[in-house]
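What follows are several structures.
Each of the two complexes below includes chain A, the first together with chain B, the second together with chain C.
Up next, the complex of A and B:
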């Protein structure tokens, strides 16, 4: 289907926005955007009767109700000064907003070409195979989500962070993603970690302006490829305003002996639908996944995780923790998939939930899909509340009950926060979680 | 024409695969209002029951066959199935066909009370009818009603009418609607208040006729403070065709009553190529209607080409208890998608789930479960444990639990593991002179022990032997 034909059937503004983003990009990328839009239009919209949407009302995530954020170089960076303490420890700071991006090279790693950040279009031209691998990467557990296809078609900016072979950037890159208020925004980020390289990426997703109550709809896609013996540490703190909607599609592939430590912290938004996962594609690959979500008021938190083992001697370890109160509702779905031949693997999956008052709700759907025999896979899920005996213990030592509850909640999440490698990010995350928890006790 | 596979190993593995030469009365194939009326007429049923059937038929016609389970099978032609098949000589007046007596004899279920195990009363169901119920006199002395479903409709119509469809409504799901429209016989059991049933009650289901299905209905009511243990067994001949078994089992436990329901399911599983075997699509559900009541499901699933069932408990009464203990063994091309649902409604309700799945050959074995805590279920408690054992590298083991909690005082724990037989354990046993086959069998029996110990002794012994036979040749 050509651009004009798409304009005829796509929702108002959608096809034009896709064409707008494709202008100036290589033809191959433009065609992929169109193909994604075409595929999205061919799919029926998600319905509350679909198994995948039974617990999350798809009408909350209707992209057609939102004006699409503009793309192009005309739009300046939003006025949102970076937090100095958070920026300090990083080699580079990448700021991304609707229509643009900027990169601050704080320790000369970009100058020395140890680290590169460039638009996906450039990668398509110089290394089409690598670009294609990132763009097409998916958990292959069925057809792609319609929203994910929107995100591909409307990706802007679409950037790739690359760590060259053998470099070790332990201080890494801070990615500040600043969502435009009251608009639909689809940032796309690819991360390539070279053979034997080490890279740390910390992302903070927030609304660029408008404060805690501001609305926005973000559909973010993040793809990472870790080459043999490479190591990626990725942490993401989402503190969008209480009027915001967020969907993310985070997925990566690991080659021989590669490692990935992924941590997702969902604190903001009115509603979240997040999919995060990785495939251990070659022998010796190791994935660690961690996540926490804190839901208050009427927040809806729908999180899915995928651990795919496609090669022998691979391992994965997942821990997701959730606390909900008021009328908040959380849904956790986890899947461990062991493909035929992926022997001698170890795959662990744990999900712990706290329901802090009547009216709040937590659903847990852990899953194992095993087609190999010589392996150890386990999953565990718990739903409960704060331990009354522990509260009593703390109160008997003179702590007021709200303080005792807050301490227990902080302790509940501490092992997730402890997975964040950089102290500065850990501190920022701890503060964001504490602020959110303050409303809970 | 369906044939008996000429395969010695199959015959050894499935010794119940013989066909009995019993002269049977068959209704024409197909499902429509006329067939439903014919079945109802044959059983001399009251108008309300005919209306129940016709309502279910209309509901079934509106429904589409579900496809969400992790099982694959070609489309079933529901119009080619005969929904009623009964031996011509089976009523008491005419005397039982000796071939039926021989059949149950060969299955190890003598219909002669004197030769039976002292502690078990048996209702024997052959195709669409109950052919004999033993120990009736002893049970009547205690006020217990244990008879075929058709007989119960005549003897205690009000009890049947009040409870039928109260746990599994006729339009509950596609297969429950099908059963509600055409169900033939099954067992009915009523335990009066305060009575502890002096013997275990048992129903043995046998499919014999070709081209038919079995659609029995079982209803067990335990009144206040009563207690009953119910055992269910089933087998079918080896045939190249697939036969449908779509039963409905409803359990009702009133205040402080206890029902223990045990199943050893050994329907014909089909041959190595996946030809033949029973499609076992069953709806089993119990309701703990009164406070402090208890329903316990124990199942050992070693047969059927496809097993698709979720024995469930609705825990309505305060302090009621639901339990589910399951061993599901799949081999060759068998497929099982089984598990349970525990719905916590009452306060301080408790449930326990222990599921052991063993996959061998090219089979697919899936645990699927739901634990749901509704807002009023204060201090509800659940513990679930689902373990899978893989034997061979061409089988699959899957686990899909769902846990939902809407009450802050509820505590729910779910754990699952998947692994293969430990090399260390095998080495340990072999170093002590145990041959590999016996060693594997010992390990598997140990794996299932938690479930087997819930079974009455005779059933536990049978289950262990059955599993040993089924495992033969499945391990290289």
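Up next, the complex of A and C:
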């Protein structure tokens, strides 16, 4: 390809859109948007010869034909309330759409100031260091890629969820992210968990209208900061339509003895490119990362995980599972980074893939970048198909082969779904995965 | 009191694995209410017979017939055989990670006995009652099926499945292997719960001890893919005393005789 530009340098109308978003914001945030845009424009275009893009054609994520979602009110909040079973257990429901957001304070946690949700611009003004820390986090060890920079420059809405020190919001917050059909949308979400606080965040990303076939291009940035002794449990279910593209950049930092339990569930979209990671930045921090992806037809699922250890006595445990069939293709890259001095750490990374027919493909590329001694670090990957002996066993108990296969697939993913802390999200995720798996068998 | 019509008829059955003939003309007839024992030395084809009966894809039937309640079983898929009332308690039960016993059994019971049998209150009461009979506590029901189970627990789980599916014809493939005395009694108790005039049982075993708990009406000795001898319970004692050589020699001689 000789490194020529394969995709647009920037989404059409990007410079104007950046200015438009920054118009009512503090100067510091406006400058950050502009800086992100400049950095994006200075980046060489992604090319299949780049290691990061070698297995994922960058043209899949070309923004050229996607108009940028306006920052002003594009449409009102959706009329239909979210599924009752999914809403019921949450303390608060945050609905986010292009041009706006709304917050339902279901148990008075916002009124009592245990929980706050506010625009990033307000945090920039009141707590610039915290805002800066969230904004600057990067989900990789290398430079930010161009798509992420677009997402920063175009972030809208850019919101921060904050759990005050010491509060325990076990019922947590449901974030409903409703992508506008046929547009490029870049929501940005920061999550701050105060010292000794506990917070659950469950996000469901779907297209706001248009049904299962609808198209959208979402580049989401999610940042979280967990203060000392804090605990974050975060789960994200992506069920965009079959015409959609989704890219996400999820990254967080944990302070002393903080814990984060992160689960990413990729079920929808025509193509996904997901970056998810965390840095155990201080002694005793613990990270658990779980993910599943289900690919059918010609879906392309590209996932990269990063576990960074920057302090002694930290631990991380990652399990990502993928199943692909038809001509679906998944790419998993996992990186464990141990910085100098991060002694006595434990870092585990496992990636298991099921390839259900000859036309489907799964690539698994685990990696280690170790700059410390005296640590335990393991990584492993498997690629295989469903076990014929298990299928026969289930059939011998009366289950038709398609049911046997579906049950085995559901079982394969169950340890990931079991990591979702909130039963309602678990139920919704199981249903979404089951629906998608029904197409697989 | 037994039903006159055979439940299971195996007629001159021949089968091979990877092109190698294993069963060379096995014939059996089991009626409702009867318990049959099938014994034989290692490699004689006992497990091949059980796998062929259940339709395992690795085994090729090259001749003969199998009928369950008069219906030709061989063209049927394994799940169709199960739905018609055949149950095989396998020698090495496989684990199904992520699928709990309750979830698994509910799907199986619905497939075999119909949706009516899986109505929550009825199904759970029946499941708990059967599990108690087999000394399988509530935690087992919520664990992934056979995952991390001991050998004895797996065998008891097979019997639990049998009780829940209510089959007409049961094949126990070395269900007694690896069981201690107490576990063996529990397994036998589970099988006794099912046994009745409508039910046929074929126990494949190496040992006499399970047969003291589940006394057979008929005993067959399989040698080199053929039933070398059939008789009453006295055959078991004879095997215990004399081993297989006295059966093997005439069978081998018979096999080498010209037609």
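Definition applied: the second predicted complex is superposed on the first by the 421 of 441 C-alpha atoms of A that agree within 3 Å, B and C clash if a C-alpha of one lies under 4 Å from a C-alpha of the other, contacts with A are read in each partner's own complex, and residues count from 1 in each chain.
Rule of thumb we're sticking to: a residue touches a chain if its C-beta (ideal position, glycine included) is under 8 Å from a C-beta of that chain, and two chains touch if they have at least 3 such contacts.
Since this is a predicted model, take the numbers as computed values, not measurements.
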| item | value |
| --- | --- |
| Superposed partners chain B and chain C on chain A - clash or fit | fit |
| Contacts of A:304 with chain B and chain C, given as first, second, both or neither | neither |
| Contacts of A:410 with chain B and chain C, given as first, second, both or neither | second |
| Contacts of A:390 with chain B and chain C, given as first, second, both or neither | second |
| Per-residue touch tally on chain A - higher for chain B or for chain C | B |
| Chain B versus chain C as contact partner of A:400, first or second or both or neither | second |
| Partner chain in contact with A:269 - chain B first, chain C second, else both or neither | neither |
| Partner chain(s) touched by A:56 [first = chain B, second = chain C, both, neither] | neither |
| First, second, both or neither for A:361, with chain B first and chain C second | first |
| First, second, both or neither for A:315, with chain B first and chain C second | neither |
| Touched partner set for A:374, first chain B, second chain C, both or neither | first |
| Lowest inter-chain C-alpha distance for chain C and chain B in the superposed arrangement, angstrom | 15 |
| Intersection of chain A interface sets (partners chain B, chain C) | none |
| Interfacial residue positions of chain B with respect to chain A in the complex | 68, 373, 375, 388, 390-393, 395-420 |
| Residues of chain A that touch chain C when the two form their complex | 387-390, 392-401, 403-404, 407-408, 410-415 |
| Contact set on chain C toward chain A in their complex | 54-57, 77-79, 81-83, 88, 90, 93-94, 96-99, 103-104, 107-108, 111-112, 144, 161, 165 |
| Chain A residues within the chain B interface of the complex | 51, 340-341, 343, 353, 355-385 |
